[in-house]
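Report on the structure given below.
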Amino acid sequence: MTISPIPSLKKKQIYELAESGKRIDGRGLIDMRKIEINTNILDKAEGSASVKLGDTYVIAGVKFEISEPFPDIPDEGILSVTAEFLPLASPLFEAGPPDENAIELARVVDRALRGGKAINTKKLCLIPGKKVWTVWVDIFVFDHCGNLIDASALASLCALLTAKIPKTEVIGNEVKILDEYEPLPIESLPIIVTIAKIGDKLLVDPSLEEEEVMDCRISIAFVEGKDKQEHICAIQKGGRGSFSYEEILRAVEIAKVKSQEIRKIIPCGGK
Amino acid sequence: MTISPIPSLKKKQIYELAESGKRIDGRGLIDMRKIEINTNILDKAEGSASVKLGDTYVIAGVKFEISEPFPDIPDEGILSVTAEFLPLASPLFEAGPPDENAIELARVVDRALRGGKAINTKKLCLIPGKKVWTVWVDIFVFDHCGNLIDASALASLCALLTAKIPKTEVIGNEVKILDEYEPLPIESLPIIVTIAKIGDKLLVDPSLEEEEVMDCRISIAFVEGKDKQEHICAIQKGGRGSFSYEEILRAVEIAKVKSQEIRKIIPCGGK
Amino acid sequence: MTISPIPSLKKKQIYELAESGKRIDGRGLIDMRKIEINTNILDKAEGSASVKLGDTYVIAGVKFEISEPFPDIPDEGILSVTAEFLPLASPLFEAGPPDENAIELARVVDRALRGGKAINTKKLCLIPGKKVWTVWVDIFVFDHCGNLIDASALASLCALLTAKIPKTEVIGNEVKILDEYEPLPIESLPIIVTIAKIGDKLLVDPSLEEEEVMDCRISIAFVEGKDKQEHICAIQKGGRGSFSYEEILRAVEIAKVKSQEIRKIIPCGGK
Amino acid sequence: MERKKLISDDGRRLDGRRLDEIRPIKFKIGVLKNADGSAYMELGKTKVIVGVFGPRELHPKHLAVPDKCIIQARYHMAPFSVKERKPPAPTRREIELSKVIREALEPAIFVELFPRTTIEIYAEVIQADGSTRCAAISAASLALADAGIPMRDLVASIAVAKVDGHLVLDVMDEEDKYGSSDMPVAMMPSKNVITLLQMDGMLTYEEFKKSLELAKKGCMEVYMKQKEALESYFKNIKEEK
Amino acid sequence: MERKKLISDDGRRLDGRRLDEIRPIKFKIGVLKNADGSAYMELGKTKVIVGVFGPRELHPKHLAVPDKCIIQARYHMAPFSVKERKPPAPTRREIELSKVIREALEPAIFVELFPRTTIEIYAEVIQADGSTRCAAISAASLALADAGIPMRDLVASIAVAKVDGHLVLDVMDEEDKYGSSDMPVAMMPSKNVITLLQMDGMLTYEEFKKSLELAKKGCMEVYMKQKEALESYFKNIKEEK
Amino acid sequence: MERKKLISDDGRRLDGRRLDEIRPIKFKIGVLKNADGSAYMELGKTKVIVGVFGPRELHPKHLAVPDKCIIQARYHMAPFSVKERKPPAPTRREIELSKVIREALEPAIFVELFPRTTIEIYAEVIQADGSTRCAAISAASLALADAGIPMRDLVASIAVAKVDGHLVLDVMDEEDKYGSSDMPVAMMPSKNVITLLQMDGMLTYEEFKKSLELAKKGCMEVYMKQKEALESYFKNIKEEK
């Protein structure tokens, strides 16, 4: 992926607008773009969801596979997140194995789900030390118009929420997969909110044009803990610039509010 | 693989000749080049054959391996065909993993053998659901002078016809390989014939020069069914142009005749 | 790895010096550079050593892994040597999978250890035909200032000499790894000495500048056999030039002397 | 080979279709913002999204051709598009299909008009229920049209199979798996030419001729749907302006 | 998650440290001859060697940027740096860490001074006992200084974890594995800005604020050691001349 | 190591040869049409085909060298050349052998005559019964000659092994596997120089000297066969004209 050259005129414009609290697409600094979630859009995937975040368009699909557990956690199922930046999603993407941006995205989504204990992986153990469910979440980016992380995290969570996992019967060392299904043991809803720094302003949910000129960004995942409190469950700073302490604390506060707003619009009654 | 630039003069010549029913190497439009088959040319391969089709030169080797069957066909052995376009075979080939042309070739040969039921794969099952024979057919292209598909399909078939597979003894879940050999269960002889379209003419067995200027090609495999009738068992259109219906039907008729001619010259009395 | 262009002036100088028995860094033709060995430099590696040979700097680490034996030697453990030419070691190295030079180096070190029977691999068999120890020797090149082969062989040998392998208990088909350790069964100390040909002179332990202009090189490994005699256990000629018989015999004689000198400075009392 | 009755006694298929009936088709054009052209197709449960870029400069430049545009195509299946998760790296099958899809579309494109450039076609199968290459081709035609790339005709594609001894139109997954032949075809219907033809299985010459006729009928039906979709799409665009 | 008592009743950690105590640090600058700059760091048992090349010409040239220097960074672990041998090919983790390390260092470098060139940073972890990315960043700063590359400030890095309910400074392997959160931070201390921030686990807003404070304290301590190391290194060089 | 009696009491080897006897050699020159030069060699059951291209332009061009021709060589084994099928991707062994084969041939080629170009040598082992690298080198010499590339001398190659305590000439597979040393050698016989020398196993200095003498004898025999083959090949070409 190469960086598209943005005319410095446009860069100047975005910075000046931000300075006066405005954005090139008319949003306020802490406004998200419109979010459209569709769940269960595919039959062959065990769970699926598409998310449109403005024009950013992402599909996540869930598949299951029986595999061996990791030796250090023999009694837990495995969550495995991948992301593909499809070449049709941007004139700058190329076909090929995931680059550092796709890998970073998948790993940040993975950490938010894992850190936020979204899935009770203990319930995905079939035979301790021998057989567990691996939950695959594959993220496909179809249109890259900025802020892929938030859109992908949301699509992944919604796909997991709609996923149906087959019931099983364990006889000795054999696992029999039944033709009955149940929902995944989802126990919390981690939401990532990404905030860009432009000059000394913080902009929520940066568009592609804003990402291309921003100083840097910070992605913060919040989850509601069992104590009904909001907890930070993942953070990732990205980009070439730096943040002051105050900016980071401010970003965390904004993300807390925004993540709660987003969580409310998740379909399936939040489950 | 890059396309070598053929002087447009040569292209014009080939088209004009075809128009009047002639070819640059003196053949008639539906004449094959001379075919030379040598079988059992190697000792370490379980079966082997070389085919010269004009100056096109191909060697196919057969190896066996015990492996697990595919879960959806637990009682059948596996046929696996690969092709390598060796860099010494053409100034345009490069060392490296098979490109789309080599992959297409291997898959078309595979489909002809499979569609034409050349091998009774059920007889290659050792322990249903657990152990079967995999039959490897590896095609090595040593000289690319046009029509690799037909030469490769013929070499593969002849290599299979000469292959000797070890007898086995199954004791419980163990397979013991004996030091006795028997022929592979070959039940039919699929033959591929490739026909190039040049202008509105159809040319059998295109040479390299003809391939470089042709509109497109069609490869058609025929096999004699158990009903002693000729059956089409694989088709592959290739190249950038298009065929009319009439051209396709004509090509199929030509291929039927030619495939029967070729089948007659297969050594081992057709077996 | 590209070849750095050495000014022909420098080349001329090196050849003229060699002609009169001298070298650009002041050494005599058969002098080694200063050797500095440090063993047991890492805790997480089961064995480790660093070697400085002049400014050439190499670290070797040893790890163990239980694996299946090779079918043709079911009762022997496995030695596996890899080498990475780290991109920080030379302005000419690039990140990526090992190139032909790194592969050659690893294989020559491997052959010297194996040919010289450094490790009694039979003692690394746990369950014949089923489970054996694999001994991994990973060589990391941190500074390439010439003669990587000798430095790497020496680092590998010293890492093996300091390695501690866990004791095991075999119960049926299970191997239990105990929390007790013992040294590896090292039975001999193969030492590689590399000699460059510059004009008609032989130079021991070529520096980077000498390697860049040399005609060719020969690496010879010597080991003390059970008969207390010195045996050649590996040879590798490298580079574009050629040797006369006399040069080769002379090189072998030099290597014999030098390898004995090096063997004396190996820490752990030669064990 | 057939393990399962795929055609009922009254000539209906597993999903209730008649032998020569194609599945419900849904097209959506202009579904992506970044791609120069795009289209979504549902062919029964088979779902494909195609995006097109170009004509644009080719990198590295020495691959460019002085007298025409290079067509590149990639056919790719999502890991979640099939029953058993498919790892995302391209398989040999996907590489072959990318080639034949490219060769099925190229005859329709006026490649001479854009020397030294490339047109890239990316087909993403998000759900596979048979005939995915046909859907990729049919959708790609619309994506190319959406990108404003001049074409001789749309390319329409459909597959014919032999199932339990019957020839059936528009092959779905189970018919492909348990049928005795599969033959995907692509055409430029108004030019009456065939740009893709593959077959495997067993067909007599007569069966082949009939299959080809059936494919022709199917392609024509797809073609009508394609034209409808394009018309209503361009009408909407006009109205929006 | 916690399987093991990681903090004793008197507030000591497994290796006897207090909660806010960093491990012994050892720096060595100029350890490699071929690299333009290099540094070795021990952070407890974590051991890292970093080599830097550049600014130098970029290949292939079309990747060069007209108004600044391209920073490249590679974080890589030796197979023998961890308990279970790690195959040498870069993992997804190593690729991600290479990116964040680059982004942690770039704010400190005057990239505008060297248009059309590249600076390459190679960090090799030879022993991993937690906080390897922090050590890579801290050592890389010194290697960059050794290479004579003009910087706004050194970058110092440290990690904070939550372990058995306590926030602890400078995370070692067992605390990372069995703790409930891990938060590596990098700063330019004299500029008071943060150039790397990652976190996973669970923290309340208050805990996060305290973690950030603790990280700040830790970075400052690393920074002091970095400056000491640089001073004595340059003093030695001068004396040698 | 030796598990099997490889030398009979009357000093005969498994295939009946005397200790210093090479296997029957068969050369065929000009076996391929597209390659600029080619040769086929049988060394007993070892069978190799070599094709050569060049001197021709090098891509990418910046790899070209202003004062000489770059030699490229690839040694490759067919999957069916050995008992257990070998996957077609190049192994570490094949990469190393490609390097030493290139270095064995380069001294014979007047590389200064073709600046900025490349000569490519492709050796395909279709049956492996020991000494495959020697056969590749010996055949490559003839392929280079067939391509009209000016050489100082032909390169001839043979291997010597120590088997059951005896030194034997021209090593076959079983002797390589169960013998206690293997030493492939390549020479330019008329120049009396060695261009390839590898050894592994255990040899005393005296044994090594004797091995080298034996190899010299073997190379000379291969050389005679090479010259015969070339002569009769060029005579035939002349006659055909």
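Lettered A, B, C, D, E and F in written order, each chain numbered from 1.
One rule holds for everything that comes next: a residue touches a chain if its C-beta (ideal position, glycine included) is under 8 Å from a C-beta of that chain, and two chains touch if they have at least 3 such contacts.
The shown structure was predicted, so the numbers you read here are calculated from the model rather than taken from an experiment.
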Exercise. Out of C-F, C-E or A-D, which pair touches the same way B-D does, with over half the contact pairs the same?
Worked result: C-F
Problem set entry | Centroid spacing, where centroids are CA-atom means, of chain B and chain F in whole angstrom | 32
Exercise. Just how far, in Å, is the C-alpha centre of chain E from the one of chain D?
Worked result: 51
Exercise. For chain C and chain D, what's the span in angstrom between their mean Cα positions?
Worked result: 58
Seminar exercise, completed: Multi-chain contacts in chain C, i.e. residues touching at least two other chains, fall at none
For this session: Moving around the ring in the sense set by going from chain A to chain D, list every chain once.
Result: A, D, B, F, C, E
Exercise. Any idea which chain D residues touch chain B in the complex?
Worked result: 92-93, 95-96, 98-100, 103, 106-107, 177, 181, 183, 188, 191-205, 208-209, 212, 216
Problem set entry | Residues on chain E engaged by chain C in the complex (per definition of touch) | 32-35, 38, 45, 47, 49-53, 56, 74, 76, 78-83, 85, 88-89, 120, 122, 124, 126-129
Exercise. Can you name the residues of chain A that touch chain E in the complex?
Worked result: 2, 72, 100-101, 103-104, 106-107, 111-112, 114-117, 216, 218, 223, 225, 229-245, 248-249, 252-253, 256
Exercise. In the complex of these two chains, what residues of chain B are touching chain F?
Worked result: 42-46, 48, 55, 57, 59, 61-63, 65, 82, 84, 86-91, 95, 97, 136, 138, 140, 142-145
